[in-house]
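In what follows, a single structure is set out as structure tokens and then discussed.
Chain nomenclature is as follows: A, B, C, D and E, assigned in order of appearance, with residue numbering initiated at 1 for each chain independently.
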């Protein structure tokens, strides 16, 4: 596996991917950094001038920034919590002998294929709408005041929608992990006198650590840039209650056309994403090595 | 405390009657080995005893009590799996302590028992390692440690040595035998390695297609195989089986003679033949000799018997050691 | 066509000097077996010869030509891997044909050669199956088939039988030996199974920690082990090694005597001792006998020697078979 | 030649899309490709395109807010030919709208439909409650009536108003309303005025009213959501764009088509009514290579003939309103559209040049015609939307609005020398 | 574990699983049902489930507004194109990482993944300007390029985890058999990894199909995929639930059907090395 010949071939074969991704990263990044030091509004061409760190200080001192930061963390954390716990529960359920397992699995997996825009539209209009939505109808028929999801619990609503889309993914991975658990290990635990709960805590859960790690990694990557769901449902509001970083930068860039400010925001977001990435890499590194 | 009785036990998987019906008595303190070719139902039988499979019929009595319906954990048995089935995320200590923890035994008591077990098994230095940091033999010992801490009524072993290399296998074999002598607990041991069966067992149960072919002490089986199957299965290299005139002359359908019971000479003997293969192991030489009218016989000679492909040799069977089988394959 | 010479070959992995320096001559047509304990560098050495690893120093000469820098495919060697390394998505036919296809040989010629190889290896009926539809032994044969179609200068085998069960192992061992007799091509064979080494090799190379301990024919190694390592490694059960007064009396640091070279009697002998373990295999009995002042000796007796734990026996070493080693462990 | 036209997904535009065959028949050789987008997305896409001069669209649908700003930037091709074309009759365009689309005497966009805002109400509910809607109601009357009509048990809500954040959504309504309460966005020195009592009155009034008499979820309702509510009979009143009139009176789409009445937007007796002025217009980006064909299309789509075409196919009630004087003089239209007079009066009563009671440095009734307004308006809209949702108090919302507006204005460098 | 499971337990479990499964699936089911209702039925209270007047007028309406076939075709081209291109680039890279790992391999992999964490809005304007200058705006090629780059890290990672499961000995065998590196990859590695490659392919088709930011911002009409198609329904127009449902159904149906049919492969492969 390791002759000089194969090693240099390996380097050659990595090259296209690495170069392309590097370019994909560095070119926009470079331009973004450059823009971030300019006063640059798309609507006022010809007035670009160097402003130093002004854009950064405006972005970081924007009260919306901290809201966005917490919202981003809440969104990622909330969805992760729901999908992981729900995913494990579903996986345990689907791992049992049940009638029509295949069909249930098809039902559960379906949301994964739905376009984010579509799922946001459907949830917003047909379910969470406080007047015509199905949830409102259910609440009313049970004699409750319908909850106005998008206004009173906007972030939670977004979390529900996003979690609905990602639950299948978590379930699938957990299920595969569960099914890969060595049968003899479960039997050994049983012989050792472990009941269902003990088996779950001491044997099954540690076995799934790796799967959970992977779910965290992949989902975090996608959840950090959740955008369509917010745009369609709450527009980041009311106030900034459901604005995450991505949406904040979007608002700067494409509602205000303040490219300078948006670029500064983008850079801040990149830095934060990389902090998350480093954190994740630590976590993964530990769990994936073994 | 540790006797196990199977009465008319059967097991069906879907359509396949894997175990038609088995009766077996295992006495307290006995070391019983199940042998048989792959797929004959050894593991299944063991798992039935353990409670990891439901019997399709019959009764399992442990220590005089009907345990047929009891949950695995309630039977008071401990099992060592072929793959060891160690918990990979737990340290050796936690692995061994696990059954005690499940039994809600208190911390200090657990520690004491784990340390005792580790001492017996020479694992004291490895207590804080994870299973993947251990060698095969060490892992095996951890699996045994996990079994012994519970002081079970009986141990069940399913081919516990098959993943080890030859030298280690020999060592572990001795260790398990010694353990048995120390603990005097009933052990049921599944293997398809004859040497293991012969050297470890008090009693060997030879299984074939879910049926018991013979039960007896190792030397009983070697000396008086009840039928052709056992004759062919026990002993290495295999017994030479001869049909035709020679067998008829002895009043049998098939005559059997072991390679070590054939005298060898360069000058004279009952049969003469030509060496097709000679394997020199130093201590022994195994020869395949083509004898006309009889077939190819395997013969064992001393390590000093220098001979090679194509040599002519004379063979003399030790007729007192001859085995005779009727046309149903049963010993006469 | 098929001689291989290693000159001062060494291999370093990162910090670890896995092979310090090896010189070895393999003659055309020879069957050479590398044996040694796990991790001693057998596979590494084989892979260096194959070109799958770069040497860290030294020279590899194949057929008189320096092949140190040549790509694996250019060395004209064929390799059979421990896991067989069959291409799972290809039929047996395509597997065997693959090296020919890579050499751009024309269709008809490929077919002819594949069919020839299949005939030799009894694979004709399985040519259209996928590897997963074959038994272990058949897979092994396909791997060999893939090696022989190319008519390589030499075959390299890395523990090719270790995944097979005991019975199959014996058969395949014989088949490979026969193949060697038919093809007369150089073969280098790695194993840690002594029986394989002893029965198959023209020449055994005993490796230990990346060093060659001894090179010689099987019986040479059995009879005249060059040092303690080889003495302990070759022969089963292991040679008894005795230090102390007895050895000094023989003018050595260590004296060695094989279990099969110790006479056994109930009445009299050089040493008397107590049986600690007696393993009855039927054909043989191995006893561990505790002799005061000497230690525990393993002794082989005939299958009929009935004795058990605690019996008192007398032992007489066959002094003509005594091995003597100096304080560096070298044979005197 | 294929024209790529970016347009918003409003009913009138969708209808135009379906009638394209008529244009193609009259102009062989010109094909039309539609890109229909939701308002925010549309604005984002066309702005990016025009600002970066990417030239992906041949015709853009833009608002009366963008037209003068872009015209000044030189991003749009002036519609000189159209203005000169007698058959097109540019003088027929309603004056407030035409002047809004004109920069330095040049017309930069042609209005497709125009609108102001007015009160739409359910006559049946008013009758039931014993109320009578005056033609020009006051806010006090509206608030009283709304509270009286509300019956949450039957899902009848007294009043539906915009609550969804966005400068073109809730801020359009609120800015117009604030004008009638005497409030303004900026004083003459571009100082934001959210800390003034007028804004507090406005917002207090709005939030309280909506709490008592509005539908649930009002903070995410925009024009289209409210339209749906009104059409399904859930609103007693709705103050919104005049174009809605044709939808709510269309029996095919509306359950309450025969029960709708109209009134002018309310006032507070300060001399300004709370109505706005808006139009959606078609424009050609500067540097387009298909100006000629594009101009042909615009001429077709905003012509009198187009009105006739729609009338013929869909009935007079459905023609795009608010652009041409001649339409309001058409007897057939007046007959079919009960809201015609009210629409014309509303449009004419809006004055973009002098929107507020107090003097202001900017133009625009329900917006401030500066490029920064989109961002600021939306951000302020979010605060007000949060106040409506009850997430923050009115005072907090105003305070945040004041702060963020000050910040943005400072960043943008106002007051400009 | 072949012990008897009591039928009652199995029934209870099945009931729970089915209930939850249907609950999860319900939004999709409801959307599809609604797409066949009239606008009036769509907002009827109480809701009507099956007994309404079934109609396909919404589909006709949606089709009359935009060219579904064109958008559909664009979606197919860009998702398939970007995935195939991604595979071609990623297979060699994954080979190198799996079979010739260095100390930095893991870092490179993580770096690749971290490029996905960049918020795309931040990069939009630069990319938009570049695309404008090289004439890639509203072209399928442009989209394919962007989507390839976006999904490349995921493709590399997935392939890497599959390749790692393939015993290196088989590739060495090929090398001994005289295969060049290219032939080794084409004849041995790729066919062996077919299940893994298939699931990579599927997952990335799904991701590309559903990508809504770049596709929306870099296309206008000619190359616009289904995400743009749906974007024109993203705010209501009076009564629009039925039309919205029809458009939604049209947008997700192809990928949903593909997903269901290839469920097995997808599930088998979707482990990202999570399962050893």
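One rule holds for everything that comes next: a contact is a pair of C-beta atoms (placed from the backbone, for glycine too) under 8 Å apart; a residue touches a chain by one contact, two chains touch by 3 or more.
According to UniProt, the chain labels map to these proteins: A = Sugar ABC transporter permease; B, C = ABC transporter ATP-binding protein; E = Carbohydrate ABC transporter permease.
Keep in mind it's a predicted model, so treat the numbers as computed, not measured.
Student: Spelling it out: a chain qualifies if it touches subunit D and also touches subunit E; which chains qualify?
Tutor: Output, common partners of subunit D and subunit E: A.
Student: Tell me which has more C-beta contacts between its two chains, C-E or A-C.
Tutor: Here the pair linked by more C-beta pairs in contact is C-E.
Student: Where centres are the averaged C-alpha coordinates, which chain has the largest centre distance to subunit C?
Tutor: The most remote chain is D.
Student: Any idea what the CA-fit rotation angle from subunit B to subunit C is, to the nearest 5 degrees?
Tutor: To map subunit B onto subunit C, rotate by about 175 degrees.
Student: With chain centres defined as C-alpha means, what is the inter-centre distance between subunit B and subunit D in Å?
Tutor: 90
Student: In whole angstrom, what separates the CA-based centres of subunit A and subunit D?
Tutor: 37
Student: Take the average of all CA coordinates in subunit C, do the same for subunit D, and state the distance between these two points in whole angstrom.
Tutor: 90
Student: Distance between subunit B and subunit E based on Cα centroids, please, to the nearest Å.
Tutor: The separation of the two C-alpha centroids amounts to 54 Å.
Student: Send over the residues of subunit E in touch with two or more other chains.
Tutor: Those would be 1, 43, 125, 129, 172, 231, 233-234, 236.
Student: Of all residues in subunit B, which are in touch with two or more distinct other chains?
Tutor: 52 - these are the residues of subunit B that touch more than one other chain.
Student: On subunit D, where are the residues touching two or more other chains?
Tutor: Expected reply: 40, 48, 52, 228, 232.
Student: Name, in rising order, each residue of subunit C that touches subunit A in their complex.
Tutor: Touch residues, subunit C against subunit A: 51-54, 71.
Student: Could you pull out which subunit A residues touch subunit D in their complex?
Tutor: Residues of subunit A touching subunit D: 41-45, 54, 58, 62-64, 129-132, 136, 145-146, 148-152, 231, 233-241, 251-252, 254-258, 261.
Student: Which positions of subunit C touch subunit B when the two form their complex?
Tutor: 38, 165-166, 174, 177, 192-195, 198-199, 218-219, 222-223, 234-237, 258-260, 277, 279-284, 286, 300, 303
Student: Along subunit E, where are the residues that touch subunit C in the complex?
Tutor: Answer in residue numbers: 167, 169-170, 172-180, 183, 187-188, 191-192, 194.
Student: Considering only the defined contacts, which subunit D positions touch subunit E in the complex?
Tutor: Those residues of subunit D that touch subunit E are 4, 6, 9-11, 14, 17-18, 33-41, 45, 48-49, 52-54, 56-57, 222, 224-225, 227-228, 231-232, 247, 253.
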